[in-house]
Structures are given as C-alpha cells and as structure tokens.
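As structure tokens, here come the structures.
Heads up, the next two complexes both have subunit A, just with different partners, subunit B and then subunit C.
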Partner chain A sequence: MARITLENIRKAFGKVQALDGISLDIKDNEFFVLFGPAGAGKTTILNCIAGITMPEEGTISFNGEIMNLIDPAHRNVAMVFENYALFPQMTVYDNMASALRSKLYREDEAVIKERIDKAARMMKMEKLLERLPSQLSNGQKQRVAMGRALVRTPNVFLMDEPLAHLDAKLRNSMRTELKEMQANLGSTCIYVTHDFMEAMALGDRIAIINKGKIVQIGSGDEIYYMPCNEFTAELMGDPQINIIPAEIYKSGSGYGAEMIVNGSKVRHELPEDKGVFAKIQERGLVKVDLGIRPQHIKYAFAPADGYFKTTVYSYESIGNKSVITAECGAYQLRMIAPNGLNVDIDSDIYIKLELDRSILFDPDSKKYLTRYDEEAIKSFAVKEVQ
Partner chain B sequence: MAGLTLEHLYKRYDNSGKKKKTVNDYAVKDLNLVCEQGEFIAFLGPSGCGKTTTLRMIAGLEEITQGNIYIGDRLVNNLHPKDRHIGLAFEDYAMYPPLNVYGNVAFNLRAKGVDKNEIDRRVREIAPLMQIDDLLDKMPVKLSGGQKQRVNIARAIIREPELLLMDEPLSHLDGKARQAMRVEIKRLINKIRCTTIYVTHDQLEAMSLADKIAIINFGVLQQFGTPTEVYDDPVNEFVASFIGEPPMNILETTIAKINDKFFFTFKDSNLQIAVPKRYYSVVQDGFRCKMGVRPMDVLVGGPDSDGTPEEIATFENLGDERRIGIHVGDVLLMLITEDEKRYKRGDIIKLEVREEKTHLFDIETGDRIREKQEA
Partner chain C sequence: MKTGKQRALNVLMNVLLIIYAIFALFPLLWMLLISFKSDTEVFTTTFIFHPTLANYQQVLLRSDYARYIRDSLIVSGGAVLVSIIVGVPAAYALARYNFARKEELAFQILSYKFAPEILVVLPLFMIYQKLGLYDSYIGLIWVYQLISLPLLIWVVRGYFEDISVEIEYAAQVDGYTWYQIFFKMLVPLIKPGLVSSALLAFIFAWNSFTFPLILASSKVYPVTVAITKYLGTDSAHYGQLAVAATVSAIPAMVFALCIQKHLVRGLSFGAVKG
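Up next is the complex of A and B:
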C-alpha cells in the first residue's frame, strides 16, 4: 500500500519527448487509470514507476520516499503485462508462486499455498492450478498473470492493458470481474488502457494522457460530462460526440445558435441556462463548437416543428441499437436510434438537437467553456480528493 | 454480378506431409448456402471456425474436399481463380510498394491488357467512390492504415467482379478508423450493389453491414438469416451468446410449478421469473434447461415494483450507459440502465425481467426449445 507521487517526470527516446512533465498524486488504495491513444506515453509512465525506465528529470516517490535510485526488485511493485509473460515450463501454481519463492522473498511454502489458494478463489481458477500455460485459453492466461500479482502484497499493482489481447466478449466479462475484485485488491492500482469503457468502469480517477502530457484528471463522470477539451470529449463515448460549429446571436433576452447545414443557415434558440448565458455574456462569445452526444439528437422522418432537414449518410445496426449518420455538409451527425428501422441511405431525415444537453467549446483553442446544468453535474461528478 | 450457391461443401486439410498421421476433423462441414445476386453476406464466427477457409474455397485458393460451388449458374469447382471473376480484399493490404496508388489500382487491368484510356476512365471513376482521388500519386508507405484499405478495396472492385470477397478488411484498423471505414463500405456496397461475402469475427461489423449473416462454429453453419432474425430469434445458445454486446445472459434453471403457474428458478438464488405462457406446452415441474435473456430486457423496477429485491455485485459506469451485475448463483446477470442514477456495490434494487423476451435452450445440446406450433 502506498501513495504514489510523480513530480515533473520527463523522458525522451531520441528526439521523441515521450513524457513531457508528468505530475501525478495517486492516493493510497486508489484505482487510478491512465487513459489515452496509442503512443501517448502511458506505458512509459508505468515503466518509470516500476523502475524499468529511468526518467531524465523529476522524482517518483512512494509514501513520500523518493524511489528514483531504488532498483525495480526493491520497489515492491507487482506488474501485469499485456502479453501475460508466463513461464511456459511451469504450472499455473508454480507461475503464481515464482515471485514468492525468489531470493528476495523466500516465503514459506505453506504461506505460499495459502496465498495462492486465496488468489485462485478470487480469480475463479482453482481448477487450473496444475495446468501448463500452453493448456490455457488467453483469458485464463491473463487470469494467471493477474493471480501472480495478487499473491503478493505490493506497494502498488501496475497493470498495462491487461485485457487488450482478449476478444471483445471476454474483455467485457473480465472487466466486470475485475470490477468485482477491485474492493478486495487492498492496494493502490495503476491501470493503463486505451479503451474508454475500461477507464470509465474501473477508475476511481482517470488521467487522460496525450503526447506525453496530462490533459485532464478527474472521475469518469467528470471527464465524460465536463471534458476539458474536444480531444477528451471525442475519446469518451461510442459513437463519438458530435462537434458542431455554431455562431451565437442575440435573441430577445436570451441567445440563439446559428449552424450551417448543407450550405443553408439553421437557427435555434438556446434554452435558458444561467451558467451558459452568463458565460456567453462574460466572454462575449460569438463562435462556439457545440458538443452533443449521439443519444441527445432526435430525429423524425417527416417535417416537424423545430427539426431541420438533411439526408441520411448511413444507418448501422449495432445489436441492441442503431446509429444513424446524417450528412450536414461540412460535418456529419451521429445519433442513436432503435433497431429495425427501415432507413434508406440518402433519404430525407429531420433532426432536432437537444441543446440543453450540449457542451460548449472554444472553436480556436478547442477548450471547454461551459455546459448546460454545469452546477448540477459538478455536484455528482466532481469528487474532492484529499 | 451473380449470386453464389454452396452445396454440401466440405473441407478437410490434408495432414499427409506431417509425421503424425492423425486424421484432421473437417474444417468445413456440409455447408449449404444460397446468396442472391446483389446481397451482402457476412460469415461470422470465432477464430478457427472455418469462415476464411470457406472464403478461400470460393476464391479458388483452396481445394474443395467435397461439394459444389456455383457462381451464378456456373460450377466453379475446377476453375482457376483468375477465371472466376471475383474481387478479393484481404486483411493486410499486400500492395506493390514501388507503385503509386494509381499504379496499384490499375495493376490488374494492365496485366489483363485493358486499353490505357479505359483503365484511366475506370480508375478515375472508382477513386472518388473510395475517396482516394487525392491519393493517386502517393506511394503506399505514405498512406495510413485506413487509406491503404481503401486502395485495397478499390483494387478489388475495379475489376467489376461478379463476386466481391472481403476477409476481415477492418481488423487492422484502430477503433475510430474502423467505425468510419465501416460506414464507407456500407455506402460503397449500397452504390455498386455487388454480391459480397464478408468474413469477420466481429459481430458488430456483421450486424451493421450485412443483409444476411451466416454464423459458423466448428465448420458447421449454425444459422443463416438477417441481422434482426439472428438477434431476435437465435437457433441455439451459441448464436444467442455470440450476437449482441454485452452478450445474452444465459443461466441454468429449473422450472417450478407454483399455484398453477410456471417459474424459472435458479440454484442459490431467490430470483423467480415467470415462464411465458407460450412455453407451457413444453415445460413441466422440475424441468431443467437454460434460460437466456438479453441485458436490455432486464430492468430496474421503480419503488412500487413487485420485482425481486437483489443486491448489486458490480456497477460499471460507462458514460453512455451503465451496467449492473447481479449474482444469480455463481453467474453474474448483467443488465443495462440508461437512467442517470449512480448505484454502488451492495445497493438493493428490484429486478424485473421482460418475461416474454426470454429464450429457452436445451441444457445438453444448447439448441433452442421452442413453443409447440399449433397444428
């Protein structure tokens, strides 16, 4: 168990600045997710904490004690890799026992057995202990790799995309299982992933990493509802959020938004929201990007009040629901629809945006400005960190 | 363009070259399939199920052990691949690196000795369709994965094939590019209306693209139907659990008769779900089977609900939706909620199940148990 603190970590591989000033404060017993696209530097952060990679600048401390010069073995971290890294000639039991039997720990065989039995129960693999890795499926291999970490009582668990090698179905069920185990881990855990569902489901807090920098840190809800920029907004959610360029105009006592749809102007009154209106006034906003998630766009196949006309670009059924993509000229709008609709490509569709769910971004810097119901969302999404 | 017919198709890989003289099982077993002209068919199954083998037999890259393949009315069993009039697009792009995109797309036509002006006309016609008009002068190394796959598909369709075969064309692409490319393929096929066979292990791709899906497991065709049919009316447990994300909940159950009504009951659980009336003719007290219900058909009841109170074992907030897991015996029953409420582990909810949406499966074979049709 440990509180992990990183201060201004920098690391370059040749000309590439892999980590560009990373500072993190991960609490004791926290499940902390590092999330970002491939090549963002997530694994490098993990390797720095494990001691596999030496940062060029900055400090890494466990419970306030600087670890930079401690070698990996003595940092007491347990790592789970994407590609399992099991010893092929050893049974599952011996694989799990390997760390405890090493020179460093030399645990009693009785203690080892007790710990392995406990971990095996937790991972539901009691029946696999005598098998060799070659006799296991990929999901089982990953369980063994995790089990091998769980038998120890490390300062921190470091998990590097442990589910990425598994097929979609298995990944989902393993994610749920991991979530169930989370309460029993009894240690700090840092988890690297590029899958937003894993990040949302597992993380007490999530750090969004891009190009070696931290973009945002917050709870899943905070990042989903109040993404600090368009990049983060697009990472969370599938199908991804719609970003619509709009111009703000004054309308009576309130405001409206004007959008270009297939070359013609479409005007919508903005629903009243004190926070949003105050922001518009205070910043004198003229141009904004409206972020609207696919589930917040309504559609109809006949003209209706408040709906604007456009054409269907594609219609895809994705199991329990479908995605309609509508063509709007410079951009496309994705929206969620039920299954079994008879939608022809290039046919007419009428669309209404639920503007009272929108997020406002600055079109130049792409940064978060404000959103509807910001106060209400803050109250449940933003958690204080002690 | 032409349809495709597979008749009693078998494939067994020959092991004779190897030391161990074991007889392989069939990679493809008695496959029958009729694909109409202009249809988009997906072959869907887990890895090693024989879907690519079937595709390769259709293409002529693999010998047929037994059975017949017709493209249109033509028996093509012994026809050379080049004479089958097919277009192929594989998972890896296999482009000619010294040729630019134009050269790659035109390669087949040039090899056939098609007139230069005609080649140019066809390349220019297809390029905007695949959105590669700006890329024609580029070399393959300069292209992103998505662009390469576009070129690859353009190359397959420029031959104006009777049959277009695609083998996991999207599996090399990352999530976002895959989503975008899926939409493009859908539009393209809609436009050129070419009979297409599309091999994938991703049920989402199959569901979103195909007119009909052939679900294959262990070389045997399990079900062949429209996406709606395989989703709503699966023939067995395999199909039911393969289609849909999150997968269908499948639980072992014993039917109990209480006050003249039948209920699904579960080992080590107080959960009881009413058996739909239509199954009354096939069940009796103590009947053991498996019950399947999709996560969207399990609901959290309101305060007045008479659903069974259950404790939440897992709660996953995924942003767009929230998933709740409940222990029923040693199985985790999943459900999806779209309400904004945040639950936590240990909370008690009232569990409701849309009984009419439940499916019954045989406990041994996994085959669907259907209500008796009235004669």
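Up next is the complex of A and C:
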C-alpha cells in the first residue's frame, strides 16, 4: 500500500546499460504492468524496487520516503521470481509461511494457517501443501511462488512473469482472480510480462520498456490505439500490426496514398478525416508509414472494386481464427480470416485496406503522427489515473 | 520375465563383483588374521593356526595405544573442524562474489594438493622449528589444512553454485537477515556436500603419515606414526603391527557408517539436480 516513485534510475552491468534513466510514478493501489521484449530491463526494475539490485543513479521512494539505502528485508515488498526461487528443503506450506515466520513480519501460526489456506484455495493447490518443491511441476511451482507473496500484506507486490508457465486455462482463471484480488486487497502491484493479452487485461496502466528506457506509459487502450511509435504498435497485438510504407499525393480536395505492391504502384484515396488531413498539410507530409491492424484488412478471392491483387504467402490457424499472410514484395500483410478456408499457397488474393482505421507513423523517426478518429479514441482511451 | 541372456549377464556381473570384492577385501582379511597369530606363526601358517589375543593385550593394554588414537582424533578432527569453519565461507565467496583474480585464487587453493608432501615437508620442518609449532597439536592441524581445505572448498563451492541466487533474494525479501539465510536456507542445501567432503578430509588427515612423521615427535603421536614403533630395529612384531593397523581403521569406519546416509546422497546430489 504505497506509492512507488522511481526517478531517473540508471544501472549498468559491465558495458550493458540495463536501465537508462527510468522514471515511474506508480500510484497507490495501482496495478502497473511493465511490458517489453526479453532483455528490456523489466526484471532489473523490479530488482531495484525490491532492493536486490542497487541502482547507480536515481532514487526509489515509497510514499515519498527514499528507500535506496534500505535493505530488501526492511522494504516490506513481496516478490514473485521468474524462476520461482522456492526453498528446496521446505514443504509448500513452509515455503508459503516463510515470510510470516521471519522476525520482521512474524504472525501467529493460526493466522499463517488461515492465510495460506485462503491463498491455496484461490490457486487450487490445497492438496499440494505437504509436498516438496522437487515433487511439483513447473506450473505448480509457479503457483507456490505466487502463494508465498500473496499471504503477505506488503507495500507492493512485485511479480515477474508469474503466470508464464501455467497452462492456458489456469492462466486465464488466475488472471481474473489476480485482478479481483488486487482490487480487494487494495495494494500496489507491479507486474512484469511479455504477453500483451495479460498486459491489456490486468494493467491499470502499462509501461512499455525497451533497451532500458521507457517507450510509452498509458492505459492499455491508449497504447493499443495510439502507440507512440512503430515498436510499441508491433508489440501490442497478435498477429502484429502491418506497417506499410506509402507516399502521399494530392487528390482533388483530399489526399491519396501510393504504395508499392510487388513492384507495381497501387493508389488509394485517403478517406476524409479532419485531423489526418490537417496533420498532412501542417507537416507537409510526403512519406508515411501506414499502420493497419490485421483485423482491418479485407480480402477476396476474386477481383473486386478497390481491391489490389497479390499472392498468398501462408495460411495458418491460431485457434479460433486463422491468419493469412500475403506477399507484397518488400513487406508482407497479415490479416485475420476464419478457420477452414481452402487457401492454397501462392494463389491469388485480392486485398483492401480499411484506411479509415489506420495509424500514421513518420517513416524516418518511426514515431506516431496521427490516426483516424483520433479525438474519439482519445476520449475513451486516455484516462487520467488518480 | 527375464530372458536367458539377461540372466547370464546378471550372473556374470555378480561373479565379477565378487571377484573384485575378494580382491579388495583380502588384504584387510589378511591383516585381521595376522593380528590373531603369534610371531612364530606369522610366516609359517595361512588359515590354520592357534589364535591368540596376546597381540591385542600387548598393543591395547601394555602400550600407549589409546593415547596415539586420541592424538590422531584431535589432529584429524581439529583439522576438519578448522577446514569447515574457514572453508565454507571461502567456498561461498568463491561461488557468489566476483572479485579480481578469483579463478586464480581458487586454483591456487587447489594447487596446495599438487606437490608431494615429502617435497614440502623439509622446509616446513625448519619453519616449524623456528615458529615453535614443531610437535604441537596446532602445528599438525595447521599443516593438515593442505590436505583437507582444498578438497572441502572445491566440493562445497560447487554446491553453492548450484543454488540459484534468487533463493537468497527471496529469503531477503521475506525479511531474513544474511546470517539467518545462510544458516536456515543455505546450510541445509550444502549439507550433503559438506558432510561427504568433511568425511573424506577426515580420512585423508587420519591416514596422513609424512607430516606427523617429520613435524611431530614425542608430544603428539598420531597412530599412523605410532604403528611404526612395532617395527623394531632388530625384530618386527607383525602381529602387533596388524592389531594397531586394524584398530586404527575403526574410527574412520564408524564415522563413515554414521554419516553414510548423507554420503551416498551427497555424492549423487549434484549430478541429478537438474
């Protein structure tokens, strides 16, 4: 139950700058997700907050109190480690009781039992309490690691990919439980993941981390609909967003976009949107990268008006739907299709882009320029967090 | 059901093992037999002789044998104890911390075992004379560190390296101090390695001959050196010699049996832990 503030945290391991000026302000009771590719520095941020790693520069404060020189034991944080870090010589029960039996956080055995039973019920592992960690599967170990944190009432929960090794069904139910539990307990939670669904579902706010720097902070919707650059856009969403290089040309009172598809030029009128057109005019844009999500690409297997022709590169099922990838020369387009289509590789396919859903990026800096319906999206996606 | 081939293989394996067991145990048996023979029968009989306890009476009751055993226990036990107290923290440091020339230091510790004892014992003899460590318990315990410390450090270091550092972090976050973590979390995990290497170190120290022969004389008399007393200049009392050797093997065996449970687990623990 604390507000966690990081100011300009820097940390290097040898020549690798793991954290390069991280500043975060995590509000009391917030569920804050750190999201980014492997090696981005997410775990190092958690370690700094827990006190395991000492940053070389910058301050970490809990409720305004600077914690840099406080050792991990006295920070009162509960951490779930990615590799579980269970004590091999202790039973599951003793593992979970470990913190509550230490001098600093001592509780009565009766209280301990009650809390452990509650956590075990929530994680469906009542029958495992007498086992040793070596007798558990990875998913079960992960739940024990979670349980060891959840029995406590810390300043902040630090969770490093706590659901990564669970099976899909359990992961979904745990995700729901976790969100509810966090709301009930009223505690701050910092959660590291590389699964964007988890990030979107759990996070009050999400911070995108890459190469030790914060790329973007915002609500899940904000980051999904208004990614600050192409990197973020590609990270959020599966299959990932299509980025299509295009040239802007003047067309009557509006504009059009010209793309190269398999060596030939394809022209599309840009749908009218005040914000987009104003931006194009104001910046004098000649080249843009168009970002279009796979669900906003239409396809047909016969020529149709407004569709351009290309060939199928692959067709693969991802469960309840499938992804068609179309070859366009310098790039490929991914689009969502139903299962069970009879699609042959290298056969012709006709594609139409729903340009009125696209996001415009600067092709040089890769940064967000604008998008269609920006005002409307802003009004629901961008929330001020108290 | 086992096939004939498997059964034949099984029989063959057991026969080979029995042959090896006889080969390995025969010297011990021979020693035991001699210990019951009188001096006149040592060379003239094999299995059929007139058993006598005279050798045992002579060695155990009419000589200072108990004192020799006690001296051996003090120096060997003391050496192992010092090795544990010094070696476990050293192994922890070598496993966990990064410091300049770490590997060189670890290798140097190991290199203490390279040189034959006879090579270093003469300079040591002169140093010990000057320092007043000659013929003292402390002197022998100290020099036995050359035998026991490298072994213990290298085995225990491997065990520390097998423990993921996150376990220590998790315990820190749970509110434990470093000392509590060390004794509650880490020591149980390294115990198999610690016990097996301590046992081996004890046996090596117990069997050490060169160091006590040269670096001790009348005040400290470990049993390995004492045994030579039964080889007189004019006559060799092989019977008494056999008694002394037989009895001196007992403490190490008792020690090994007591910690056998840990020993077997200890030698396989590092291998199966995935």
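Please note the rule applied: the second predicted complex is superposed on the first by the 367 of 386 C-alpha atoms of A that agree within 3 Å, B and C clash if a C-alpha of one lies under 4 Å from a C-alpha of the other, contacts with A are read in each partner's own complex, and residues count from 1 in each chain.
One rule holds in what follows: a contact is a pair of C-beta atoms (placed from the backbone, for glycine too) under 8 Å apart; a residue touches a chain by one contact, two chains touch by 3 or more.
Since the structure is predicted, the reported quantities are computational estimates derived from the model, not experimental observations.
K.L.:
Now for A:Val156: first (subunit B), second (subunit C), both, or neither, which partner does it touch?
P.N.:
In the superposed model, A:Val156 contacts neither subunit B nor subunit C.
K.L.:
Using the touch definition from the top, say if A:Ile292 reaches subunit B (first), subunit C (second), both or neither.
P.N.:
neither
K.L.:
Answer with first, second, both or neither: which of subunit B and subunit C does A:Ile52 touch in the superposed model?
P.N.:
Only subunit C; A:Ile52 stays clear of subunit B.
K.L.:
Counting residues of subunit A touched by each partner, does subunit B or subunit C come out ahead?
P.N.:
Partner with more touched residues of subunit A: B.
K.L.:
Between subunit B (first) and subunit C (second), which, if any, makes contact with A:Ser314: first, second, both or neither?
P.N.:
So A:Ser314 only meets subunit B here.
K.L.:
Does subunit B (first) or subunit C (second) touch A:Phe81, or do both, or does neither?
P.N.:
A:Phe81 sits against subunit C, while subunit B stays out of touch.
K.L.:
Which of the two partners, first being subunit B and second being subunit C, lies in contact with A:Ile190: first, second, both, or neither?
P.N.:
Neither: A:Ile190 stays clear of subunit B and subunit C.
K.L.:
For A:Ala99, select first, second, both or neither according to whether it touches subunit B, subunit C, the two together, or no partner.
P.N.:
The answer is second: A:Ala99 touches subunit C but not subunit B.
K.L.:
Between subunit B and subunit C, whom does A:Phe380 touch in the aligned arrangement: first, second, both, or neither?
P.N.:
First partner only.
K.L.:
Taking the contacts subunit A makes with subunit B in one complex and with subunit C in the other, which residues are shared?
P.N.:
Common interface on subunit A, subunit B vs subunit C: nothing in common.
K.L.:
Spell out the part of subunit A that touches subunit C in their complex, as residue ranges.
P.N.:
47, 50-52, 71-79, 81, 83, 85-89, 98-99, 102-105, 148
K.L.:
Report the residues of subunit A in contact with subunit B in the complex, numbered from low to high.
P.N.:
38, 167-169, 172-173, 175-177, 179-180, 183, 196-197, 200-201, 220-221, 224, 236-240, 293, 295, 313-314, 316-320, 323, 325, 339-340, 345, 380
K.L.:
Which residues of subunit C touch subunit A once you look at their complex with the stated criterion?
P.N.:
The touching residues are 164, 166-167, 169-177, 180, 185, 188-189.
K.L.:
In the complex of these two chains, what residues of subunit B are touching subunit A?
P.N.:
Touching subunit A: residues 46, 174-176, 179, 182-183, 186-187, 190, 201-204, 207-209, 227-228, 231, 242-247, 294-296, 313-320, 323, 325, 332, 334, 336, 338, 342, 345 of subunit B.
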